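Below: one structure in structure tokens.
By letter and in written order, the chains are A, B, C and D; residue numbering begins at 1 in each of them.
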């Protein structure tokens, strides 16, 4: 996997608010897309992690620093890395950039912290195969 | 129950878009609130219908006619009635009004059609207790 | 433009609800993406229509028939056509399909009706360049 | 104003995801409701602040710590206070609680930091009347 994991999306009309910019909560929806693509680029399907391994990763902490507003129809890039990993805890870092021919612009930086749980929301160790592969992305 | 079932809400900033009005898809979120309140005013909890009776009501058709835009911080009223009922089908009608001291203004009219299904999405008859009580609201 | 206009997207976790399927209001967000792509494939930028031509297309009617549920991580295709066009009114038709190697599955069919207005929400004729190009897609 | 400012809401079906709990980004929508109610309880209308004073408060930082999941139909309380105030910067603190007859349960704690800007997104001093009134809530 080339690091950081990158994924692109185009801003939807529904994601704007009456200030004419993207509503701040929607950035967290995008970061979730970044997480899913991080796993996909490692060769996994987050859907299968939930079904086959009964492994869910609810968020326990989330934070974002907004640098510049994203606007309707902007193309944005989400860069995702894992910045910390423990037995049943994983921390992602994100950078959100607006794609532009004269240099991409940083729109936001963020982190989310997740715990590994089963369907009953009981903490469980993140399976070894995920541990190893994720660790290989952290140099 | 006084008919139609009424429920009020205040427009959220998140529900607006860059036109400065409520994004059109969000009306359907409000109609769902109207449905839930319709059941609550009949003495039922939709959450319990899902858990205790394994009875879910996914939407098979939805339509809305938008008359005037709803805006941020407006207080709106959702009026909900059942307009048709069959063994495993239920049709709701909605009127959305902006609350105003000089007469409420009609913002939208809508319908949704639902089928009664179990957790596996198999069609099932809407339990008799619901059938009877709903029928009592339809004169 | 190859007709109908097609655009693909992948279902987001945020778009599901506790039934494990996509929440019904979110389909209307996707249809808006279909509309924007329809214009883009004709060579226009809906953003520029709003800014350069002061031409906005609020929805006056929307309806959807849900055939099968969309699920998290599904790849779906939105097919968009214009089915009616008058001076200041435009009607779109949509088909939503789940992409599958053994044949795509129809998930929903929908229509939206829009009027052409200026920033003050006053009805205005859809500019001639749009009229002509859209008409060329309707055989 | 009794402090902290409190506002209640009921969890919507649309706010859940397929884990059966409220999707994490939606908490930030609720905190915005808390902010609006904070201003309303001080006697102001955030809508009027935007229109009459050309004073907007975009978010520059947001963070949340999730303690326990909110579920469909839960009644939740948002407690909002201002925790820091400077010329053109305001910081809100939030506590989200599930209402329960045997003691409310803490669901989340959060902060958002805002700058005061005009319509062109240029930083401006928060008008004195707001400064004074907000300061009176901070002992």
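Things worth noting here:
One rule holds in what follows: contacts are C-beta pairs under 8 Å (C-beta built on N, C-alpha and C of every residue); 3 or more make two chains touch, one makes a residue touch a chain.
Treat the numbers as computed from the prediction; the structure is a model and nothing was measured.
Its interface matching that of A-C in over half of the contact pairs by residue number, B-D stands out among A-B, B-D or B-C. Between the interfaces C-D and A-D, more contacting C-beta pairs are found at A-D.
With respect to chain C, maximal separation of chain centres occurs for D (centres as means of Cα atoms). With centres defined as mean CA coordinates, chain D is found 27 Å away from chain B. Here the spacing of chain C and chain D, counted between their Cα centres, is 34 Å.
Taking the mean of the C-alpha atoms as each chain's centre, chain A and chain D sit 24 Å apart. Counting partner chains per residue, chain B shows two or more touched chains at residues 13-14, 19, 21, 25, 29, 32, 72.
Residue ranges of chain C in contact with chain B, taken from their complex: 19, 21, 24-26, 28-29, 32, 56, 58-66, 69, 121. If you check the complex, the residues on chain C that touch chain D are 13-14, 16-21, 23, 25, 72. The touching residues of chain B, when paired with chain D in their complex, are 12-14, 29, 32-33, 36, 45-47, 72-73.
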